[in-house]
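Only one structure is covered here, and it is reproduced in the block below.
Should a chain be cited, it is by its letter among A, B, C, D and E, assigned in written order, with residues numbered from 1 in that chain.
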Amino acid sequence: MTADVFIFWFLAILTIVSALSVVLMTNPIYSALSLAMTMVSVAAIFVTLQAYFLAGVQLIVYAGAVMVLFVMVLMLFDLKNELQAFSRGKFTGAIKVGAVGILAGLIVGAVGSFIMAGKSGAPVTPEASTSADATKALSEHLFFNHVFGFEALGVLLLVIAVGTVALSRSKGGTHAKH
Amino acid sequence: MSHQMLIAILLLSPLVGFILNGVRFRSSNYLLAGSIATGAVAVSFACAIALFMQLVGLPPEQRRLTVSFFEWISVGSFKVNAGFVVDQISAIMILIITGVGSLIHLFSIGYMHHDKGVTKYFAYLNFFLFNMLILVLGDSLLTMFVGWEGVGLCSYLLIGFWFNDSAKAAAGMKAFITNRIGDAAFIIGMFILFMTFGTLNMHELNGLAPTIMESSWLGAVTLGTLMLFIGATGKSAQIPLYVWLPDAMAGPTPVSALIHAATMVTAGVYMIVRLNPLFVVAPNTMMVIAIVGAATAVLAATIGLTQTDIKKVLAYSTVSQLGYMFLAVGVGAFGAGMFHLMTHAFFKALMFLGSGSVIHAMHEEQDIRKMGGLKKYLPITHFTFVLGWLAIIGMPPFAGFFSKDEILWFAYSSPRGHILLWIAGAIGATLTAFYMTRLMALTFWGSSRVDKSVHPHESPLVMTIPLMVLGLLSVIGGWVGIPHVISEFVGHIPNFWEHWLEPLITKLPEASQVAHSATEEWALMGVSVSLASISALAAFIMYTKKAGAADKVANAFGPVYKLVDNKYYVDEAYFGVIINPLVSASRDLWHYVDVNVIDKATYKITDLVRGGGSFVRSLQNGNMQQYAMYVVLGVVIALSYMLVG
Amino acid sequence: MPSTSFLTDISINHYLILSAILFSIGMAGVLLRRNIIVLFMSIELMLNAVNISFVTFSHYFDKVDGQVMVFFVMTIAAAEAAVGLALAVSIFKRFKEVNIRFFEHLKG
Amino acid sequence: MPLGGVIFITVFIAIFGYILIRLARLTGGQAKKTSQAKFDIYECGIPVQEKKDTKISVKFYLTAILFILFDIEIIFMYPWAVNFRNFIASGAGLFVFTSMFIFLAIFIFGLWWEIKSKALEWD
Amino acid sequence: MTSMGSTSFEITINLIKLVLVFLMMVQAVPILVWLERRGSAFIQNRFGPNRVGPLGLLQLLADAVKFLTKEDFAPEKGNRFMFYAAPVFALIPAAIAYMAVPMSVPLKLDGHTFLIQGFEINVGIVFILGISSLAAYTILMAGWGSGSKFSLMGAMRASAQIISYELALGLSIVGVILLYGTFNLTEMVNMQQGPLTFSMFGYTVTSSYLPNWGIFYQPVGMILFFAATFAESNRLPFDLAEGEAELVAGFHTEYGGFKMLMFFIGEYGHMMIASGLMTTFFFGGYGIPGISFQEMHQIGLNLLGTETLASIFNTVVHFLSYNLKFAIFLWIFIHVRWTLPRFRYDQLMDLGWKTMLPWALANTMLTAVVIFAASYFTI
């Protein structure tokens, strides 16, 4: 077993365990911290896929910004352990768990059937490209092929910045509290 | 700079002006708004000149600068690029549009400065120019149609600019709806052409144009071009869709000058010239165009005789002159049509702006019966107006003479011309001379009938400079296309115009059966000029020297005068024959068919849907997670199907 | 089925299966948890799973578009989190409630 | 990228820190509960004052949200900045330059709006 | 893991190197504490640290004894796990981020090349930013785990401050990236060698006595970057997180003993990253003005004879050069702490959002315009 394989399995297990704890932890702050952990290990997985710049962005944006926001908001709310973390209803609950299980099974089965069919017999090995080239290619694609999306995202971010400020100012809806 | 960049700046500059003014449309800072708008158009004009220069620098057969910004529509074999082309025809058009446009913008600063919506006004004006440039530069019929619709929209917005006055708002709607009729035909024409040739790119269409004449009325080219022509009659105010243009005078006067005299209304002529190889092979369409053009020229001129509103007179005159242009393209004289388009843009814009200056001086008075003797109050306006007047009645050597004369000559001499068309044109020219002289006489000359409370004053420099520039152009504008007979007479001045347009104009395939001599041309020229001079003189005497002579003539003609004075009851006829029956039929349909059949059926369906809805509503209980579950179930089912199936 | 080669030869399938598992875990969170903020977190988890797929395909098929897509997805996810949390905070400030079922009362 | 090294040193530091804390407990000893006050949280010499819900200004989360949005905009500049000279060299300089400046204009407008609307005022 | 070395020997050396860098960082802390105390004693006329032993060095020993003999304490109300995890976690981002900073020219021994750097990363800047942005969790975990309102408020303030200044920090770096056109720190250092050379409009102006350092291209960026790193490491004048008058001691109110020390290590670690990056971005990294790496190698060869020894000499000299620059910045950090007063919180946020962010934006745009104009219009 080479180091790369070991690193993949280590990261895969770390990712799945921390993702599971996001869903299973009753204290939302633990959930949030687990999610941060997941984000970091996903960033590491990006590294194994040679997406170095994206890994950095994943760290900065997801782990360093979005999840900090989540943690801050949760601390702001100061929610203790939830009395009932999961939705009520045994029947629908069973359906939901079943549906998710089947979905997971189907996807894994679909991918697995390819393995069984031997379609990945010759694994695609891309040419090793240096990360400088990769970032260059990324930026070329971003600014040539997807330049409209890029500008549109700028506008989206502006709209959201304005919207959240407006939201945070609102004193609540027009309806009285029941 | 590369021509791609120049075209981009040319197009985008008015759009930027529109955005800059559009976002601050509540502002009443007329100077800032006017500077932005005028500056934007001036930049476009500079680009247009640069493009023209580049074009001149190329050998004649390669004078075609194209640019394609992006692929706009791509559906199967139907591909349209956002492509633009500058060639001999469109270069002239953009020069006229941006040149005259910038002068009119400049004029507007003075004319509109007291208006509250001045920023909005300039924004519309810039947006109009943007659309007009798209119309002119678009390399396919569809791109052109975008501009075509855009200018229609701007025209509507600007006619109804003072929408608080319901009559003006209604005029805007009338223009818009009338144009829609034409636009529908235009679209049908595009369908036919696309079905026939499989492309809408005008360059390709021209290349694909068949070489054999299509004598049938139902041939694809004939039908398609006919439909396009109907579209043109809407935009360019020809019979039967001319009724909107006189009403469009409800808008601000510079708008009338820009949109309803110089640029937008000539779009129809431009379109036909653009597609001239197609029109040439459809002689039936050409015949229709020529007849409609000649009829419009005469009809509008007669109505112009009786109008008393200074702008209405000019409006009918515009319709009449547009008729001349269609007459020209109808007989195959595309170059002459374009030529008249240009000279008309100069002198009619000049006269509209002049009338704007008069109206401005008279404090919004437009009735020429309440004017007279304005010559001494408005010297500059009067002088420039005289230049325009001489140009329109076709006095040599003013611009209108050359272009109108060329049209008349082709109407007679062209293989598709006819002596009757010439006669109609000559009558039109005579009538034009008469009513334009009448306009001059009633407005500027003779004794003053101005109300005592009104003190006319000359307009500020910002308004008179455009007048002077256009006045100069009205004098010299025609010298680029001096006919052979004259040029041979005065020494060899080449006919620049003909040379310039030559590569894009298709020669009529029929050889001229009769050789026309120079004497013939001189004779016809002499006849039309002298007819015009005589009628101008008659009008001058009738309206300045002999007070009451006009009424006597009117009484003598009695019923005819009444008919003409009421514009041949065309509006009323449209109401009686088309609009009212349509309205009452619709009402009957509503009362009987709609209520009893359609409504009943829909109620039944509604009940059914409501029943189903109340069942489905039980599923939609607001529980988001349940919704998500449905989604997951759906995915599971779809995925299982895909895996199993 | 898991032969030794499954353990030692890391291929595109491994990443895709990992992505699928993460996606399903996130989906379970969305379906089962009741805290609105945990729901948002589960959605982020699902988006991350999708990002892994994108990067995987981008890597194995040598196309950079996948990475650009991830860039966009991240942006949109962050924007979504921002708006979602702003809403959640507004509602929490007023009603002291983060239960997803409570949000049903907000319907017209 | 030396991912293995990063993982290694992370684990190493975690273990190192854990041992350090264990060691400190060994040398210093577990805190003996001599009084309840010793194990209470800090308060300035009076009994612990704690309300049911500590009020923390919403400003903090608003700042965090705005941070996210602007942070992403800045991140978008990185691939642009690192490749800018290459873009110029390949002749696409003007296009990329313009597209980024449009983006920056949006950014600046957003910042200007936030400042103008007093969303960033702390009092 | 290939880039950790090709043979097991190299891998082992590289892993040991990582541990060494980390231990070096930890070991720097007592020195810095001593420096800080001596410095403060001189600047503010304090007596304590000047009296204990020669040069006050025994103060260190006294501190160590105190840290070691403190009782291990955790508040009852807090969350024990978080409370203990936070200080351990404080070490990780600082240490890992610091390891990406190159400290000297690579050492060449028997055909092996060893970088004097924890690990070479091609996207170095992005990596450092990403890792150090994780530091906010430490603070939030500590604040929340303590279960005290002072801690929580301190944590909120500190994290809001850190993320606010991360914007200015990130944006001031854009200018640097534009300048060098790479994320790689070693490449940046290499680009800063030689005499100052401006290339504009096709002309090249070379200065004979100034080194080609980034500060001459990015003076505004340098100031913004340095100021932002002050705020990032929660140092005065930006130490609002522990404004004593309002918040007692901020997020580490409840901490003491070794756990407190670990927060200190984290804080000094951030200082060191900041100083290292300052050196690398703007002051030529480990380079020595006037002498290139090859020349220094040649000097070593002349002095010591063998290639191996020359390489060691070269590495050591540049390592010292790096550390000299590095120490100057650390001293500036300390000096500023004892000379400037603290901001008010609203002033702090205003400075970050309304002053530094716009300036950083202007700097970015100006840099872009100049670079664009300089290469687009060649005279």
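Convention: a residue touches a chain if its C-beta (ideal position, glycine included) is under 8 Å from a C-beta of that chain, and two chains touch if they have at least 3 such contacts.
Please read all numbers here as calculations on a predicted model, not as lab measurements.
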{"item": "Joint neighbours of subunit C and subunit A, given as chain labels", "value": "B, D"}
{"item": "Furthest chain, CA centroid comparison against subunit C", "value": "B"}
{"item": "Chain whose mean Cα position lies farthest from subunit E", "value": "B"}
{"item": "Chain pair with more C-beta contacts, C-D versus A-B", "value": "A-B"}
{"item": "Between subunit D and subunit A, distance of the C-alpha-averaged centres to the nearest whole Å", "value": "18"}
{"item": "Where subunit D and subunit E are represented by their mean Cα positions, the distance between them in whole Å", "value": "16"}
{"item": "Distance from the mean Cα position of subunit D to that of subunit B, given in whole angstrom", "value": "62"}
{"item": "Distance from subunit E to subunit A - Cα centre to Cα centre, in angstrom", "value": "30"}
{"item": "Contacts with two or more other chains, residues of subunit D listed in rising order", "value": "1, 3-4, 6, 54, 56, 58, 60-61, 64-65, 67-72, 75-76, 78, 82-83, 86, 100, 107, 114"}
{"item": "Multi-chain contact sites of subunit C, meaning residues that touch two or more partners", "value": "27, 31-32, 71, 74-75, 78-79, 81-82, 85-86, 89, 93, 100-101"}
{"item": "For subunit E, residues that touch 2 or more chains besides their own", "value": "1, 121-123, 126-127, 152, 156, 159-160, 163, 166, 170, 182-183"}
{"item": "Chains grouped in pairs wherever the two touch, ordered by label", "value": "A-B, A-C, A-D, A-E, B-C, C-D, D-E"}
{"item": "Complex interface listing, subunit A residues touching subunit C", "value": "1-2, 4-5, 8-9, 12, 15-16, 19-20, 22-23, 28, 31-32, 35, 38-39, 42, 45-46, 49-51, 53-54, 57-58, 61-62, 65-66, 69-70, 73-74, 76-77, 79, 82, 84-88, 93, 96-97, 99-101, 103-104, 107-108, 111-112, 114-116, 120, 123-124, 126-127, 134, 137-138, 140-142, 145-146, 149, 153, 156-157, 160, 163-164, 167-168, 170, 172-173, 177-178"}
{"item": "Of all residues in subunit C, those that touch subunit A in their complex", "value": "1, 6-18, 20-29, 31-35, 37-38, 40-42, 44-45, 48, 51-52, 55-56, 58-62, 64-65, 67-68, 70-72, 74-79, 81-83, 85-90, 92-95, 98, 100-101, 105-106"}
{"item": "Interfacial residue positions of subunit A with respect to subunit D in the complex", "value": "3, 7, 10, 44, 47-48, 52-53, 55, 57, 60-61, 64-66, 68-69, 72-73, 75-76, 78, 131, 135-136, 138-140, 142-144, 147, 150-151, 153-155, 157-158, 160-162, 164-165, 168"}
{"item": "Residue ranges of subunit A touching subunit E (in the complex, touch as defined)", "value": "2-4, 7, 29, 33, 36, 40, 43, 52-53, 55-60, 63-65, 67-68, 71-72, 75-76, 130-132, 135"}
{"item": "Residue ranges of subunit D touching subunit C (in the complex, touch as defined)", "value": "58, 61, 65, 68-69, 72, 76"}
